[in-house]
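Okay, so chain A shows up in both of these, paired with chain B first and chain C after.
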Partner chain A sequence: MFGEMLYTQWKWARTELFLYVLAAFLIPTIMIRIGFSYIDAYSIRSVLNMGAYAGIFFCALAIACAFGLAWRPYINDASLKHVGPLSLPISWPRFVQMRFLAGVVLLLVPTVAVWIGGVIATASAPIPPTLHTYPGGIAIRFFFAALIAYAAGFLLQYAGGKHAVRIAIFLFLTVVGVELAGQLLGYDSIVGSTWNALTSWPGPFSIFGARWMLIDV
Partner chain B sequence: MFALGCVAVLLALGSTAARTAEAQSASQIAGRVFSAIHTTKVVKDSIELFHASHTIDLPPDSATAGGIRLRFDRSNLGAEMEAAMKAAAERAWIVAESQFGEEARATAGSEPILVNRVRRQFAPLVWIEYLELQLPERSSRITMVRVPMTQQKLTDAVLDIAGTLATSRVPHDMIRWLGFWTPTRPMSEEEWQDASLDLATSVSTVTKSCYAGSLEGCESALGLTEVKDPLHEWYSPDGWRVLVSEWNPPKADFELVAAHDECVVKKVAATCERLARTRVVPIPLNMSTRATLYALSIERGGPAAFSKILQGTGTPLQILANASGASPNDLVSAWRSRVLRAAPRSDAATPGHVAIVLAWTLLFGVAASRRRP
Partner chain C sequence: MSDAIIVRNVTYRAGKEFAIRDLAMTVPTGSVYGFLGPNGSGKTTTLRLLLGMLPVDDGTINLLGHDVPAGVHKALAKIGYVPERLHLYPQLTVEETLRYHAAFYPDWDNARAEQLRRGFSLRAEQHVDRLSKGESGKLMMLIALAHNPDLLVLDEPTDGLDPVVRRDVLAALLEYVSSRGATVLISSHLIHEQERICDHVGVMDDGRLLAEMPMAAFRGGIKRLRVSRAPLDRGDLPFTLLSRGVSAGREEEWVVRGWQPAMKEYFVTAESELREVIDLDLEESFVELLRSARVPVVVAGEEI
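Moving on to the complex of A and B:
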């Protein structure tokens, strides 16, 4: 049954997966090629910044593809009022777990593309001797970052159901409101400290707080 | 009507002839100079008076923590903040002792720290609150702590004041080399990491040779050797070009724009050298990186290290080596190894990151399956 579910999700997601793969292949190479044409390769800090931009792109791609893969199956099921999943001879929690696992397997596709894209991008640029390239490291980070973002998106979608978007907007507005109120009352940034708690050990998104550098020391 | 009156007055003032300029006599100039001196003295006296009133109001020693003395008004600070401040001073004292060793009392405890809680109205119904820490000395700067006043922030503020006290005691050459600031705490891993990034990304040739293993290169990069022509001794022609490319000439100065392009685009070394000389040549490694060598010296030298720095004579390297109990070469070599070891790791996610991601993923996955549609 897991195989069939994986195949179904693959069919639903293959167009967007193709776009993610294309982005992972091309955008870092284009960024680095264009970037190197504007900077002096002898200026190591500029080269390092280029590596950081590529890293930030991979970080953003991880979030985009994680949320895309997390929401798509629920939206498709919901359009048919979940008749298919509920008529299957398995319990709802078991069904959701299989949906979750199928999405995790599909995350491997953009991960491989990120690794190959990173190799191509760094091979196309002159790297100063004090710097090194980390396409493999970035790919591993990409997978784990996409995994946690996927899990968070999946939780929001399956726990929030049809109200997921409203919950997301409410959370966003709460964050903005709390920050504005804090600033007006002379407090240090509350959002900043919450963000630090979430993105540093042992916060769930600590992997996003690590160094995302395609080219680093 | 009022507006019309104002316009009329302005027109009348505008139409009157401007005062004609005339040369001043020696007695007029002398009179004006004396008047200016008098005004300066009045302002200076009033500042001193203000500062003295600030100090007199506070009891001599409101609280002590280790060797650190605090002066504050209890009614101003409040019981809760007083306790927090004492706890912060105790923590700061432990850190100060680790840095200043035998000299901690004579340094961090040499002057009381004045603490004042300020509450100001920022807008209707909006009040801002902060804490001011300063030394009784008139010219000392004020360290401010904004809400939320955490233990960490209060401790840092006390250490900041302790740093001011330490800086005033360190030999001049040494403190000049350190950028007029004495570190008051051991360097964190992040600070070592920043030093590592500084070493790996500097365009200076001496820094590159230091990275490759030359101790002479490290000494020069840290500004520990005599330099006659920094541009030639620290940077290569490629480095000159990078230095020039870091600033943009004013667009109206066509000659300079052309020269800038000749250096950056056409890579003409002579032009780059000429333009690079028009600005201050940047030091190869920044002051924070220099501070890591100081911190290493303190760390290796133990409780007597700061005392040796205070009594030290010679070049900053000799003083630091003497304080650390090692030879200059050994100290610089240990510093280089430590900096290279601190390089940030981008190679892969750490096992800690992987474990935490898997744990949270499992938790989110299980939580998602609890609710039926």
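Moving on to the complex of A and C:
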């Protein structure tokens, strides 16, 4: 049962997964190759900055990948008014649970690509002997970041149903509104403080605020 | 167990306007039950309530011995459902679609599915989004039949299909029903099709079940009577008067339900003359039943 669910989600997501995999392979390599041609490869600070850029890219890729995988199954079921899932002899919570787990398994595909892409990117660059590369660490971080973003996206989609997009827009507008009101009233950035709370330990999104360094000391 | 579906006092409200009101229906095991009603009468909503897809506001539903919603998933394992619209993922091929459904049904019969696929001339590698309407209908029927269900719930299964495909789909259905003794609940507004295959009938309009009876009783029990010197203001009718209109001169046409030949005596005692009893076909009976539900007949100053 789970195997067929996984296969179905794989078939829906395989084109975009291919693009994520391609991005995970190529972009760090290209960034580092081009970057190293502009910086002093013996300047540790420059090399660290380069590694940080690659880390930011992986972080963004994790979020894109997660939301793509979270929304697609719901949209495909909703386009058929959920009649297919609801007429199957399993409960809706179990169906949703399997949808979630299948998405988690699919997150492993870009995670492996990130690891291999990181290895290739760092192997092709002249890394100073005092620095180290962390493609494995980045891949693990990528997986957990993607998992958290995926869980949040999945929760928003399945709890919000057809109103998920409206809820997301409402949340975004609320954030903008609160920030503007705070600025006008002379408060410190409320959104900034909230963002810091969420993205620093023990906030739920602290992994996004961690050091995403492909090359580090 | 003598009844495959038992519905008692079910009420469901969708928004402010539409509701299923005090629905009570019984589908005997082994019967082919035709669920008739005009578009928008609540047939699809009722089927979704039966299958636990919508929550009832009040009342009880029992499907194959399982209460809904508590035991609906056990019941669904024994039910083949063909919804009104395509419910299959368009990105999958026919073969993948069958594999997907096979994974959920413990009694899925691969050999039977393959036999039906060949019988319906469906190519395994064809994508669902490239199937014609007829092929989609066949695939949905295939999925409904391939796990050997005890109950088939079919929502307009032949609507929009050409006559050849319709015949193929109905032939597969009847072959299965005759070999397995399965129960069928089939919703449709194609009355002549229902007349051919159903042995029980329920008529729905505006969220209410107007009548439920064996097909023979429905077909034979509604008559058009031509009456001379029709009695006025009498409330002691031995049958149900569905409609009453002037035909010519003092002659009236009555449409009645529950007619028996012995009821001719009524007109003798009422000092009027029953000139003719006309049989109605199912479609005429259906239309008269709906008309009477929408425009009540007034006898002796009271609606009947």
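Note that in this section the second predicted complex is superposed on the first by the 217 of 217 C-alpha atoms of A that agree within 3 Å, B and C clash if a C-alpha of one lies under 4 Å from a C-alpha of the other, contacts with A are read in each partner's own complex, and residues count from 1 in each chain.
The rule is simple: a contact is a pair of C-beta atoms (placed from the backbone, for glycine too) under 8 Å apart; a residue touches a chain by one contact, two chains touch by 3 or more.
This is a predicted model, so every value here is computed, not measured.
Overlaying the two complexes via chain A leaves chain B and chain C side by side, clear of any clash. Of the two partner chains placed by the overlay, only chain C lies in contact with A:Met1; chain B stays clear of it. In the superposition on chain A, A:Leu80 makes contact with chain C only, while chain B stays out of contact range. In the superposition on chain A, the chain among chain B and chain C reaching more residues of chain A is B.
In the superposition on chain A, A:Ser206 makes contact with chain B only, while chain C stays out of contact range.
By the touch criterion stated above, A:Pro89 is placed in contact with chain C alone, chain B being left untouched. Of the two partner chains placed by the overlay, only chain C lies in contact with A:Lys11; chain B stays clear of it. Applying the stated contact rule after C-alpha superposition, one finds that A:Arg141 touches chain B and leaves chain C untouched.
Once you line the two complexes up on chain A, you'll see the smallest CA to CA distance from chain B to chain C is 9 Å.
Judged by the document's definition of touching, chain A residues 86 lie at the interface with chain B and also at the interface with chain C. Interface residues of chain A, counted against chain C in their complex, comprise 1, 3-5, 7-8, 11-12, 76, 80-81, 83-84, 86-91.
Those residues of chain C lying in contact with chain A across their complex are 51-53, 73-74, 76-77, 81, 83, 85-89, 91-92, 96, 99-105. For chain B in complex with chain A, the residues that touch the partner chain are 122-123, 126-130, 146-148, 196-197, 200-203, 208, 211, 238-239, 241-242, 245, 264, 343-350, 352-354, 356-357, 360-361, 364-365, 367-373. The touching residues of chain A, when paired with chain B in their complex, are 40, 42-45, 48, 55, 77-78, 82, 86, 92-94, 96-97, 100, 130-131, 134, 136-138, 140-141, 144-145, 147-148, 150-152, 154-155, 157-159, 161, 184-188, 201-204, 206-207, 210-213, 216-217.
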